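Chains: A, B, C and D, in written order; residue numbering restarts at 1 for each.
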Amino acid sequence: MNGTKIRLLILLLIFGLFCLSCGRGGAGAGKDQHTVTIAGSTSVMPFTEKLAEYFMLENPDYIVEVQGGGSTAGVQACMNYTVDIGMSSRHLKDNEKALTDVTICNDGIAIVVNPGNPLDTLTIEQIRGIFNGRIKNWKDLGWIDREIDAVSREEGSGTRGSFEDLIMNKLEIDDGIMVQDSNGSVKEVIATDPYAIGYISLGLLDGRVKGLAVNGVSPTMENIKSGDYEIVRPFLYLTNGEPDECARTFIDFVLSMEGQTILQKEGLIDIL
Amino acid sequence: MAFNKEKFIKYILTVFALSSLFFLFLIFAFILIEGLPLFLKVGFKNIIFGFKWAPTKGSFGIFPMIVSSFLVTFGALIVGGPLGLSCAVYLAEYSGKRMKMLLKPALELLAGIPSVVYGFLGVIYIVPLVRNYLGGSGFSLISTSVILGVMILPTIISISFDAIMSVPRTYREGSLAMGATKWQTIYKVVIPSARSGIMAGFILGMGRAIGETMAVIMIAGNALKIPTSLLDPLRTLTGNIALELAYATGDHRLGLFSTGVVLLVIIMALNYIANFGIKKKRLK
Amino acid sequence: MDVKIRLENLKASYNEQEVLKGITIDVYKNMITGFMGPSGSGKSTIISILNRMMEFEDGIRIEGKILFDGFDLTKTISSVELRKRVGTVFAVPIPLPRSIYENIAYGPRLNRINDREKLDQIVINSLKNAFLWDEVKDRLNTSALKLSGGQQQRLCLARTLALHPEIILLDEPCSGLDPISTAKIEDALSELKKDYTIILVSNNTKQIARISDYSAFFYMGELIEYGNTEDLFTNPRIKKTDDYISGKFG
Amino acid sequence: MRIKPGITDKMARIGFNSMAFFTVGILVVIISIICIKGVSHVNLEFIFTSPEDMGRHGGIFPSIMGTVLLALLSIVFATPLGLGTAIFLTEYTKESTFTKIIRFGVESLAGIPSIIYGLFGFIFFVIKLGMGWSLLSGVLTMTIMILPTIIRTSEEAIKAVPRNLRIVSYSLGATRWETVTKIVLTAATPGILTGIMLSVGRVVGETAAVIFTMGSSLRLPTSLMDSGRTMAVHFYILAREGISMEKAYATALILVLSITIINILAYYIMNKVVSKYS
């Protein structure tokens, strides 16, 4: 009696597995579903997820799968065809130029502190000093006598890459600086630690952290569009050669008025 | 026919049994295949004793992380060791049967709580506490040690408990008969006889602490320098892998696998020392 | 009288220590043959050689011939097949942790008998033959572990009978039982010998004297004396046997 | 001045008592924090709807399903392998160098930390075998990770089955395999179930090894090649990225609740076994 029950269970499980593994292939063949896989920069990922949500609402026969991995991984995945579209939050390096890139929008990098921090502006020189480890105390910047808890991103991150290019000017980020592995986690640290400073994608700026003016220019959309705020990097979609039909449809959607409006609402700088 | 069937079954089961070995081999092989070339390319010394980790610029030193890993591990032992041992003593010597029935599953539950939950609670409660009362950012050696100390409690308790329980009743009776108090008996007779088992528990606890990842990257701050005070942030070997693996390509990824090789070697060494302790105890 | 089992110069050693030193004996069909002797005499070893349970022991070595109905089955029949023809009842009753019914059906089910009616018939007959039917007929589906020791042992006997073996080996089956249970088993055995060849190993010389047709006395791995039970008990040819059955040692 | 032994004895008793209750206190505090902060955000809608806006709104249904699928499939793969190994070690061989080597392998697997499993799964299943971040990569990695637990608990359970039962079975003409399936496994089932339960608990709580093999796609996986997210991973991302603390606590509550239930179930089954044989 027990034996048959167990056998039945196993049979059911195998059957379920079978269904599961065929599920997509079978359904896809019948209903003509298209899948677009996208991977890469974790900075671009949340916005792409948002775009994908809207896109799939309008195009129910499409499935857009979005993964993180980081800019460099996005480039790699794109090069060996594991994904249809790669995402990058930095310019392509010389050895990556074989890929086709589309700028879907621009993103400012905001230097952020806790809302409780009275400072409103820093010079590029000061920011460089903080992350280089020369300036260690808020006292030196005109605030209280308290160590600065600076937070950076990890090696390989596109945001860090852009930050190094745009701010650090070949100086190294000091080893004593804390490291978090995403915009969100940097923001979390800044939001909870009154003495912290870090840098995140402008699109993620909200009431929980305060964006500092750099050299007196605030990180606002107008200032970026006018070119006054200079810490800006592009968000790129990468394809290996010409994108295929499905990928094309999605990229077109992103570049369309609708897609750009979505991005703009998220705090990014549209390219219209 | 029956004869053949039995042979067939035995053959299948042998293959199953060998699968564990096969997986172990695969894991070692792939971690080594990915991790060793960099050792040869950059030099063993430059990785193990290098101070600079800048994998995109060709520096792969993980010495600070090795030191940091051991620091949090010892920190965790300082927090969790005495607490765990006392719990084990309480369970084995003081608690009644019903209490034991209640406490043992509770402690197992402590082991079952996912490490991300520990990390999360650490960030929300321990980190601000340290920041406000001790200074620094709170993402620090001490916060990490406290959280890891709690996380290794179940390991230390259950293995120490087994070790204490395996001390023969006659030892205790002998000591008590000679007029020793219960505490004197525990302190002078029970704990010394259970020593190697308790040590094994501590070492396995160390293994758990050194291998812990998610909680650590959430609380440790992940700075690359060797911490110089309890309040400094630090990055462990596991943290290094988890932080950067998703992003890494080329030599950078190989560097993370080298980190994995070092971690694997340390863990294996700890496990064998611990197992040796447990086996020695059993032989006695 | 047909010879059912013939042992020829059977030797066995256990970790280099000789426990059977060349046993030669004929066991007759449809008889109860009693094996007696003090512990260490080798009688239980013979049992585990006959049912090949010694395969589960380490370091045992066997020489000599074992003939069933004149045939040496060592090479021709697998242990599993052999055990279906040679049933065993052990010293301690060991019911399987399932119902009375399923305990007895266990063997037949191994032989792919799954037909309910057939199984019912086998269970009923086996229980009746083991003199247990009347006591359990109303609770066949209760756990066998709930039976008393004596009932459990008869259950074990019934379980063996369900296989319809040719030979039944009983390894001190009454050692832990009260006199009433023992009597019931003895009654059952006396009935059963019509259809089976039975070997009864016992330390209890009185039991051997009571129910066995032939008796063998073993001592230190040797067969000291073998013969018709009446002759052996009334007129032992060897002094050692006399000493044993009169209780001077053992 | 020497303190009287009677006093130190009393102090020791009080000390050990308070240490033990402190430890239990930690557990109570952890669980109550999660319950208090999470309970107001958990409702049927939270359990049965998909997340919106990266989890800021909506529920966690896909991650619940992801967890269930990952755990279930890992068990489906690991149980035959683990149980087979345990049966081999206990029933089909005698202690020898060979079994020692296998045991060494199992012990070593048990000691490997989850991040190494993640690293291995990532390089082997995700990259080398080209499975990508997928349910399948996750399942295979988890299978290897829980294998030692299943082997060890099954072996203990099988060893606890009295030898006599096997002897009887053999004497009734059962083959080794018949004895194993009909006698040994039936008697050892509760112990084996305990091991399976503990393994499920481990998979449910695992993050590091899952995130690098199964990925973190928010969608409900519909095939083995789909990426997906378990509750633990979802919780990690919610908490770490500061997406939504309410949702994070609510997810943590469901996570901890399910692990608690699994653990209690495992403990309950195990106790039944212990009382059965002692």
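Going forward, a residue touches a chain if its C-beta (ideal position, glycine included) is under 8 Å from a C-beta of that chain, and two chains touch if they have at least 3 such contacts.
Note that the structure is a prediction, hence the values are computed from the model and not measured.
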| item | value |
| --- | --- |
| Central chain of the complex, centres being mean CA coordinates | D |
| Dominant interface by contact count, named by its two chains | B-D |
| Rounded Å distance between chain B and chain C, as computed from the means of their C-alpha atoms | 57 |
| Where chain A and chain C are represented by their mean Cα positions, the distance between them in whole Å | 80 |
| Between chain D and chain C, distance of the C-alpha-averaged centres to the nearest whole Å | 48 |
| Centroid distance [mean C-alpha coordinates] between chain D and chain B, Å | 17 |
| Where chain D touches two or more other chains, by residue | 175, 186, 240 |
| Junction residues of chain C, two or more chains touched | 80-81 |
| Where chain A touches two or more other chains, by residue | 68, 188 |
| Complex contacts: residues of chain D adjacent to chain A | 52-54, 69, 72-73, 76, 130, 132-133, 181, 186, 215-219, 222-227, 237, 240-243 |
| Residue ranges of chain B touching chain A (in the complex, touch as defined) | 52-56, 64, 123, 127-128, 131, 135-139, 217, 221-225, 232-233, 235, 242-244, 246-249, 252 |
| Residues of chain A touching chain D in the complex | 2-3, 13, 17, 20-25, 27, 46, 49-50, 53, 63, 65-68, 82, 182-185, 187-188, 191, 208 |
| Residue ranges of chain D touching chain C (in the complex, touch as defined) | 94, 164-165, 167-175, 178, 182-183, 186-187 |
| Chain A residues within the chain B interface of the complex | 42, 68-73, 75-76, 147, 149, 154-157, 172, 174-181, 188-189, 192-193, 195-196 |
